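A, B, C and D are the chain letters, set down in written order, and residue numbers restart from 1 in every chain.
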Amino acid sequence: MSSDTTPKPVTIATVWLDGCSGCHMSFLDMDERLIEIAPLIQIVHSPVVDTKQIPPGTDVGIIEGAISNEDDEAKAKKMRAACNFIVSLGDCAVTANVPSMRNVFDKQECFDRAYHENADLQPANPDVVVPPLLDKALAVHQVIDVDLYVPGCPPPADAIYYVLSELLAGRQPDPLQLTRFGK
Amino acid sequence: MTPEELEQIAVDQQEAENQLDHRINVCMAASCMSRHSEQIVKDMQAKLKDMGEKGEKTQVRCVGCMGLCSAGPLVEVDHPADEAAGKGPEKVMYRDISPEHAESIVNATVDGRTLPDLVQPTDIPYFTRQKRIVTENSGYIDPECIEDYIAAGGYSGLVSALTEMSPDDVIHEVTVSGLRGRGGGGFPTGLKWSTVARTDADQKYVVCNADEGDPGAFMDRAVLESDPHRIIEGMTIAGYAVGASKAYIYVRAEYPLAIKRLKRAISQANKFGLLGTNLCDTPFNFDIELRLGAGAFVCGEETALIASIEGKRGTPRPRPPFPASYGLFGKPTLINNVETMATIPWITRYGGEALAAIGTEKSKGTKVFALAGKINCNGLIEVPMGISLREIIYEIGDGIPDGATFKAVQTGGPSGGCVPADKLDMPVDYESLQEAGTIMGSGGMVIMDETSSMVDVARFFMEFCKDESCGKCVPCRVGTAQMLDLLEKMCAKSATQKDLDLLKELCDVTKACSLCGLGQTAPNPVLSTLHYFENEYMDSLQGEVTGVGAVPATETKAGAPDPTHEK
Amino acid sequence: MIASLKKPEAPSDDKRWKIVQATMRRNGYSRNALIETLHTVQNSFGYLDEESLRYVAASLRVPLSAVYGVATFYHLFTLKPQGEHTCVVCTGTACYIKGTPELLQHIETRYGIKDGDTTADGKVSLLTARCIGACSMAPAVVFDGEMEGNVTEEQLDTEVDGWLKS
Amino acid sequence: MARQKLPPTQTLTMKIDDVDVTAKPGQTIQDVARDHDIEIPGLCYIDGLTIWGACRLCLVEVEGMRKLLAACSTEVAEGMIVHTDTERLRRYRKMVIEMLFAERNHVCSVCVSNGHCDLQAMAVQLGVDHVHLPYMNPDVKVDSSHDRFRLDHNRCILCTRCVRVCGEIEGAATKGVGGRGINARIINDLNMPWGDSQTCTSCGKCVHICPTGALVEKGTAAAEMKKHRSFLPYLTVMRES
């Protein structure tokens, strides 16, 4: 097979926002299927690779986690700007899930509980390095346009594999066959 | 009660009337009463008493609403014909009367003089352009006096129906009249009656819906306060026609005066044998009971109203079955609103054809409207169907105050919509209003000038619907709350195009999927303002400034203040 | 004898229970009279407390949950005692167009109470109504049952200040 | 309108989703559809309880009718042509499900009913993969005062199955609906803690008839609350006998 007939790998960027990283773990849970997929894709940005920038024109952007602070918001917007197709991966990204459980409280109440009432030493609000918290934790699509939703907590590896292979084959996947809210 | 006895009461009352030289009618409907008309009556009566013999031939009478509430308290003096001076009987209306005027009015009246400074001209279009059927007695008779009503021809329709007509005849007349439900929907009344009449049951009910809940509407209140016997007569005729022996009036607890007068009217009618058993020596029995609402707009919906009369939460249930076959306590039930019931006595008295001669092809008769908002003549009017909005607003209502510009008129309350200036020549009938994206509704007309933001008006009605949603079905419960959030965002200018699209989507779902009329029509104020004033919605979105460095809208305003925006 | 077959005793010998009983008797202790009875209780006692809800439920044999459901469905019923005086601001369309929002804002700023609140001294409660049918005199306010039309901020202050001083 | 009176033995013919079907007078569209294995979605309807007609998921199109009709409460008529699965209906149903998810705090991943929830299943069936309405995040409470059961308002969709089974089958009428509109809540007696209720018989029917994780048994962790529904068919059977 000559090199010019080899299809160009699909470039993929992933980010991990407010979530537990379980969705990324589930990605890795594809096990040996990773090897099958590896030649077809190129990870250009991810918590598991060491690039700092999201290259413009990236084919697929996969977002894990809810948008809870200004940094999450900025990253999501960067992803949208750089990627042609955005996948909201996992319940935190799709529904804001567990991070959203603070939404019934006032932001200040959350700070008080976390950094004062429960602090053994030096109670104080974090004010340097930590990005400012948004009033509410948001699902990704509440901030940027999303092209595909893959719910699940985390979405099973089978669902992720199915979604990726369908996308690689140029088809629109229907993730609800294999996953759902809370799966 | 026989026809002869009824006639005798009328004659006696007329006799008593003829003994008088002058009559001073003082409006005692809620609006004028809140401006101390009760005190005016007391002061006048005291003054007449002081006069001794001279005052005996003048009577101060408490009457119902004269219509022009914004000029209240209103007082009208009947001067008799003065044959020597070649003058016919004369009526003089006084406006903005306070207790301090009582004495001078009494003095002038007894002497046969008028007080030009206080006169409210009655040759203005507000009075001359009206056609009064439902409100024919309002402002003339004492609502707490059954004899007054009888003298004005009251209960003759009932007596003639009972003694000369079969139930089918009555229904026929109502059908011929073309009368349609005045509560909002416009369902043909005759058809409703015949459906209930045709249904076999050991017990049927008549219910008068006096739960006038539309904000900005007070027609029913005025009718109940000014002419309560009319409702009783209408309901009794309805009961006879459909074969019901028991009836309820479901009235808002917010209308204490109406409740008091209805209670009194019911007990008077019972005493006179116009309610109770064997009416007019026929086998027909009829009883009316009052039921008070407790502050729930949704109870204007038929099935919710029934639940409320049964002492339950006022939540609607799916229809069919309709109340006509399965209603109050599971029995066939006829439900009509106040204005519909109040039209019935007139139809039985003058015949269905007479009503059908008024109005348009599909909308017959008259309609009572409550004019409120930015309009000079605030108050109650009754006009023939088919009259144009322009005539109502600019002629009868005398236009917009303070030289402001008319922007829109809201009809149909939270279920209706806003009609803009370019539709002013549209005839007011059920079909035309519907075509224009609103509904006839119960008759509230709130006029708005250019200071009103249409997005804010939509927000106002959505807040109303959200608060009044019973919470039973999902689209109305969640849809109204979601739409309100979006409209609030728009009013705060923090919404986006996406929010606007979502608002439209929510309108569609809530309208199509809600269980009852409240939810199905809740989007109407949004839809109609979106249709006519979409630019205002666009302006309410954030970041809609075109071009880099465009001057913010507020700055241009500050630079060139628009004088019309100043209060 | 099974206790539930007997009509329950009134919660106390307060005369006002007689009025409540009269309403129930007039309606044959029918379940349908629930709303009527609650109206009477509220008119007599000012609000509906747990004791009265239990008494009405037992007398009319309506489940407690249904009584509570009805009492909280209708706006006019209140489970909280009201202030000595009540100020009901109409928020109907005409009143809204003619300045109710400003009036309510004024009350909040000046007296620190919002819709449904009572001043700290228990003197004045602020309520709103969905159109009291006084549209021609918008904005309308009901001060202790007396309706006033075309109400201005000054007028309102005079009334409310009078109550607060009393 | 008054229903047409037909002799009880008569059979009606009608069409559901282009299939010719027969029906008995007095049956609802839902009944007939089920007899012919046509599934119409729904959350508030339960055989044997009064028809509530509130979830609006079973709305169907009936030719000649301007409005959509609820299959659970609409009686069939001769010649009726019903469509249960049009593009428009699918769109509306999806939106209704989204409304329910947006209304309260349904955090499936930590819900004891995860995987055994009718709302969740309905979302999958109707293709709801995200909620495009803003979440309303209401501050609603959890009532854990009962010895054995828990009422979590966060998961409640106000279908009132619990209210109806409690009043109509158990006869306790402990459960009701308090408040109205978006503030309506399931209540126990006079809105007291469930554990303090003197009318509750602790029969548990409300728990097992509840479609979501709003009513659950205590001592269950996420995804552990399987509901026992085997008694449901008897709601009608026992009434008929």
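Please note the rule applied: a residue touches a chain if its C-beta (ideal position, glycine included) is under 8 Å from a C-beta of that chain, and two chains touch if they have at least 3 such contacts.
As the structure is a computational prediction, the values presented were derived from the model and not from experiment.
Trainee: Going by the touch criterion at the top, tell me which pair is linked by more C-beta contacts: B-D or A-D.
Mentor: Taking the two pairs in turn, the one with more contacts turns out to be B-D.
Trainee: Which chain is most remote from chain B in terms of Cα centres?
Mentor: A
Trainee: Based only on mean CA positions, could you tell me how far chain A sits from chain C in angstrom?
Mentor: 53
Trainee: Quick one: report the Å distance separating chain B from chain D, using the average Cα coordinate of each chain.
Mentor: So the centroids are 39 Å from each other.
Trainee: Which integer distance in Å separates the CA centroid of chain C from that of chain D?
Mentor: That gives a centre separation of 35 Å.
Trainee: Considering chain D alone, which of its residues make contact with at least two other chains?
Mentor: Chain D, residues with two or more chain partners: 132, 134, 177, 179-180.
Trainee: Where does chain B touch two or more other chains at once, residue-wise?
Mentor: Each of 296, 313, 467-468, 470 in chain B touches at least two other chains.
Trainee: Where in chain A do residues touch two or more of the other chains?
Mentor: none
Trainee: Which of the chains touch, listed as pairs?
Mentor: A-D, B-C, B-D, C-D
Trainee: Which positions of chain D touch chain C when the two form their complex?
Mentor: 163, 167, 173-180, 187-191, 199
Trainee: Can you list the chain C residues touching chain B in their complex?
Mentor: Counting only chain C, the residues touching chain B are 30-36, 38-39, 62, 66, 69-70, 73-77, 91-94, 96-98, 129-138, 140, 145-149.
Trainee: Applying the document's contact rule, which stretches of chain B touch chain C when the two form their complex?
Mentor: 30-31, 33-35, 69-70, 72, 212-218, 221, 253-256, 291-297, 308-315, 370-374, 378-380, 410, 413, 444, 446, 448, 452, 460-461, 464, 467-468, 470
Trainee: Sort out for me which residues of chain A touch chain D in the complex.
Mentor: Against chain D, chain A makes touches at 88, 91, 94-98, 100-101, 103-105, 136, 139, 141-142, 146, 149-151, 153, 174-176, 180-183.
Trainee: Quick check: in the complex, which residue numbers of chain D touch chain A?
Mentor: Residue positions touching the partner: 101, 105-111, 114-115, 120, 123-124, 127, 129-132, 134-135, 137-140, 223.
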